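Heads up, the next two complexes both have subunit A, just with different partners, subunit B and then subunit C.
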Partner chain A sequence: MDLLDFARGPALTFALAIFVGGTLWRLFGVLLLPRLRDLSLPREGAPAPLAGALRTIARRMWPRREFAQATLFITLNSYVFHIGLAVVVFGLAPHILFIRQLTGLSWPALPSNLVFGAGVITLFALVAVLARRLLHPVVRLLSGVGDYLSWLLTALPVATGLLASGHLGARYETLLALHVLSIAAFLVWFPFGKLMHAVLFAFSRGATGIRFSHRGVNV
Partner chain B sequence: MTELLGASLRERGISRRALLQYATYMASLLALPPSAAAAMADGLAKARRQAVIWLSFQECTGCTESLTRSFSPSLEDLIFDFISLDYHHTLQSASGEAAEAARRQSMQDNKGKYVVVVDGSVPIGDGGVYSMIAGQTNAAMLAETVEHAAAVLAVGTCAAFGGLPEADPNPTGAVAISKLVSGKPVINIPGCPPMPQAMAGTIAHILSFGTLPELDALGRPRAFFGESIHDRCYRRPFYERGLFAKSFDDEGARQGWCLFELGCKGPVTYNACATQKWNGGVSFPIQSGHGCIGCSEPHFWDRGGLYKPLSAGTTDVRKVIGIAAVAGTALGAASAALARQRAATNAKES
Partner chain C sequence: MSTATATPLFDKQGEHSDEARVDAAMRSFVREFGVTAALHMESCVRCGMCAEACHFYAASGDAKHTPVHKLDLFRRAYFREASPFAPVVRALGLVKKPSVAELERWQELIYDSCTMCGRCTLVCPMGIDIAELVKEARHGMFKAGLIPERLALMDRTARQWGSPATPAEDLPDILAEVSEQYNVAIPCDLDHADMLVTAAPAELGDHTKALADAAKILNRLGVKWTMHRAGFDASNVGFNNGDLQLQERLTRALIDTAVKIGAKTVLLPECGHAYGAARWEAAKWYGQALPVRIVHMTEFLDEVISAGRIRLHQIGETATFHDPCQIVRRGGLEAAARRVLAALGFELIELKDHGIAGYCCGGGGGVVSNQRAAPLRHKVFEIKKNQVEATGAKRFVTSCGQCRITLEMGAKHAHWDRKTESLLELVADNLAD
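Moving on to the complex of A and B:
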């Protein structure tokens, strides 16, 4: 069994099992926790809980005006690499085939060169966010090993994917194997670090929205 | 046998010009500089006919068919003027003890100088009883024949990497030739079947320069196996544009779009099919509408299915994912239940 066979076979199977099992463990572990009961009457004009939740989820996609200037770089840069990651993950034909194999879902692919360009921009944005984490004294103080590991395991699939697409540095099958292995590492780490925000962000924002809208606070 | 090839070819009406043309063709196939063509022609003219013993083990004769029926009139036919094929099951007229006597006679007459070509893998399971010739196991015949050989050419994927006989579950214990030969140079010319130009070019290189051609990490001549099918595929622009055939008879297939989604293994397959092509340069599998199956790579039978896209995993993960989902949900529910129990205990205590 060579490296590519190992990556496409046992490594990917193990990683997907950890990813699915770990994500559901975290998700149900949170959703089934006892909830604090709020016995107060809702403030007059307060939206329904679901509406309050959805409004906060949407509202927090962009910072409030008073914070906009201070968070402009991190907001824009985050949008760049999140959209870039979405284009790369869901736009490239080989990725769609991978998802189709798992879920049966499929959609038209974007041109490979366009996805390659999105990948390059994404990688630059990821480097920028790492630089900020390292250079900003407060953010650096707040950063732990898990934060750097999450960054590394997000950036590695992008970097190895670009190298494989460009046939740079090694033979294609070696680069493809490293790319698949880097994705496997990402999937294994996903449930246990802050990457889990991709699933939990909606629930945490929604819970905040329900709590505050009940009290008539628009957040 | 001792006559120089140049004199022999002149006697057969093959002029120096024709020999130069052949040498130029071979030099270009081998990616040698133009100046090498004359040196190659001189080397061939001064060479003596190379004794070749061809052993066929666990094989389908497709390799021989490929080499002898490449196209007609064949430049590859010329190679048979350069070599003395002293033993070959399919092509020789002798049979039985006479055939084996011819093999041993050639080994004795050309001790240390003959080349052994092998097609087919060798079964070593259960003492090698699954394939025997003239009362000898394949492994024993190989060991006897290569003992005084100058070099060994493993022709076809079965000989080079084990091929179909070695595919899971490999009931006969089939192995590649390189696993059984030590102390001799082994050149792998894989393919199912291998390209005739690769075979002819490798022999021409050995005859002309007296050295082995440059090989890659898998023992394959770089001149023929240095680039992937994908890199030289005429459908590559469609891959770049994201245009893929979804089935073998859809509009995309008719338009000649990329066959990646239909399982083409071109990106991880190294061979010269896309450039040299088959049947005199007429076509190759992808041009005929079928994806590359990766036949010149090790274990190509066991790499997750010929029609499964390269980016998909090689195993069916649905069962594993199902078990993981159930386990994860149960674990999450158990964690929450524990938290509730702890909260209730704390409430009672306070």
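Moving on to the complex of A and C:
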């Protein structure tokens, strides 16, 4: 078994198992904790809890006017790398093929040059994220090993993917194996660190939406 | 016994060992983690955007005042003891248990430089309600005997008197004096009434006019109301201090007294934390919806004005309004306050940051009573002062007595010649025949 076979075979299978099992464990480990019902009388005209949750989930896609200026860079940069990652992960033909093998689902691919361009932009945006984390006193204070690891394991698949696409630096098979291994590492880490926000964000926003819509506040 | 030092900023209550303090805090922390608190602990991406919303960070520029950083020890307790991976975290020693020295240093962050105003909650892209988590963290600090001594003193007094400032047995005499001074009837200890009226501590001290003005309006409306020794102070210092037992006692004093005298409504004073404690949290002690309606003074004024039960003289000047955080951002009464201002004939010029995104006065959550927090609080005041001046409005109004005290103290320190007026007092002073 060569490196590529190992990456595509046992490594990826193991990673996917940890990813799915760990994500479900963490999500349900939280969702099954005691739920304290809000017994106070709701504000007259308050929306139903689900509507309140959905409203806040949607509203937090963009900062309020008062905070827009101060958070402009991080907001725009975050949009760039989140959309960039989505384009790269779900737009490249070989990725769609992989997902079809795994789930049976498929959709039309984007032109590979466009995906390559998105990958380059994403990598630059991720470098900007790291620079901010290292240089901004607030973000530096908040950052721990897990935050840097999350960054590294997000950036590595993008970087190795670009190298493989460009046939740069090593044999294509080796680059592809490294790319797949970096994805496996991402998947293994996903349930344990903050990458999990990709799942948790809706629940977290929704809980606050429920709390405040009950009080007649649109947060 | 208590020990107060200039630096680091912490006090201690009781004679517990260091280990007992840490254990008490940890036991309390773990009990707080229901599904919402846990979701909020789990979903932080460490982006630091919350700093941009915090008045303490804006005033100091110090990274330690970043709201989510103020939760650091609570967060560590969560990941060690309550998260889905807690056994692994403990077994591998990935997160250290907080030490007593860390808890002591932490006091400054969650008591001196957080008013639980929740502006950070508005900016967080994950929607984390940081203010609520700070309140929950304070429960553990209280159990550990590690709260600012000023707040602990108020706590001990409230446990004994039912109020941090006024012994319950003195209430009839105080009300009689206010009644005489302002020539208004203030019923006390009636056996039956439709409305139980409550006060904030200052209204039995420096702000007696607000109390007399409430009486004037209620009497004009012909409401059958009373104040009562068994439940008169709505400010609820237990809510601010993290003393859940006291919070429950003070809450029950209001609700049980209202039920006993057959009141259908408890009228809260112009006080923010009273609203948070009674309107949104009281029901949890009863396990069901409350048998009485809880109404804030602003809400009450809005209702009686909108229903045409009182009419007002038109002031016809420009005014700006400070939104008290517990009443507006965390309470939902943004529109009510503005309708009352409009009914007074004010031309409202909004502050740059207003409504649910308004800046805190800097004194909520017990910070105004915590004298060692004063230097930072004065810096925070500059934000409000500058925004008020920028409006060019002639009058400056708010609807929370605690905000008024904070803003008056700030103005005095800054030699700023502006009065902070009470919405209630303006209504009472402008009642039309």
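Rule of thumb we're sticking to: the second predicted complex is superposed on the first by the 219 of 219 C-alpha atoms of A that agree within 3 Å, B and C clash if a C-alpha of one lies under 4 Å from a C-alpha of the other, contacts with A are read in each partner's own complex, and residues count from 1 in each chain.
One rule holds in what follows: a residue touches a chain if its C-beta (ideal position, glycine included) is under 8 Å from a C-beta of that chain, and two chains touch if they have at least 3 such contacts.
Predicted model, so just to flag it, every value in this text is computed and none were measured.
Contacts of A:G29 after superposition: both subunit B and subunit C are touched.
Legend: residue contacts after superposition of the two complexes on their common chain; A:N77 is shown touching neither subunit B nor subunit C.
Contacts of A:L41 after superposition on the shared chain: subunit C is touched, whereas subunit B is not. Touch criterion met: A:N113 reaches subunit B, while subunit C stays clear of it. In the superposition on chain A, contact of A:L176 is made with subunit B only, not with subunit C.
Contacts of subunit A with subunit B, set against its contacts with subunit C after fitting on chain A, overlap at residues 25-26, 28-34. Note for the complex: subunit A touches subunit B at residues 1-2, 4-5, 8-10, 12-13, 16-18, 20-34, 93-95, 97-98, 100-102, 108-115, 167, 172-173, 176. Of all residues in subunit C, only 33-36, 38-40, 42-49, 51-53, 57, 63-64, 66, 68-69, 82-85, 121-129, 132, 279-284, 286-290, 293-294, 329-334, 353, 356-357 touch subunit A in the complex they form.
By the touch criterion stated above, subunit A contacts subunit C in their complex at residues 25-26, 28-36, 38-41, 43, 56-57, 60, 63-67, 70-71, 74, 78, 136-144, 147, 192, 194, 196-197, 200-201, 203-209, 211-212, 215-219.
The residues of subunit B lying in touch with subunit A in their complex are 228, 230-231, 239-242, 244, 260-261, 267-268, 298-299, 302-304, 308-315, 317, 320-321, 323-325, 327-329, 331-333, 335-337, 339-340, 343.
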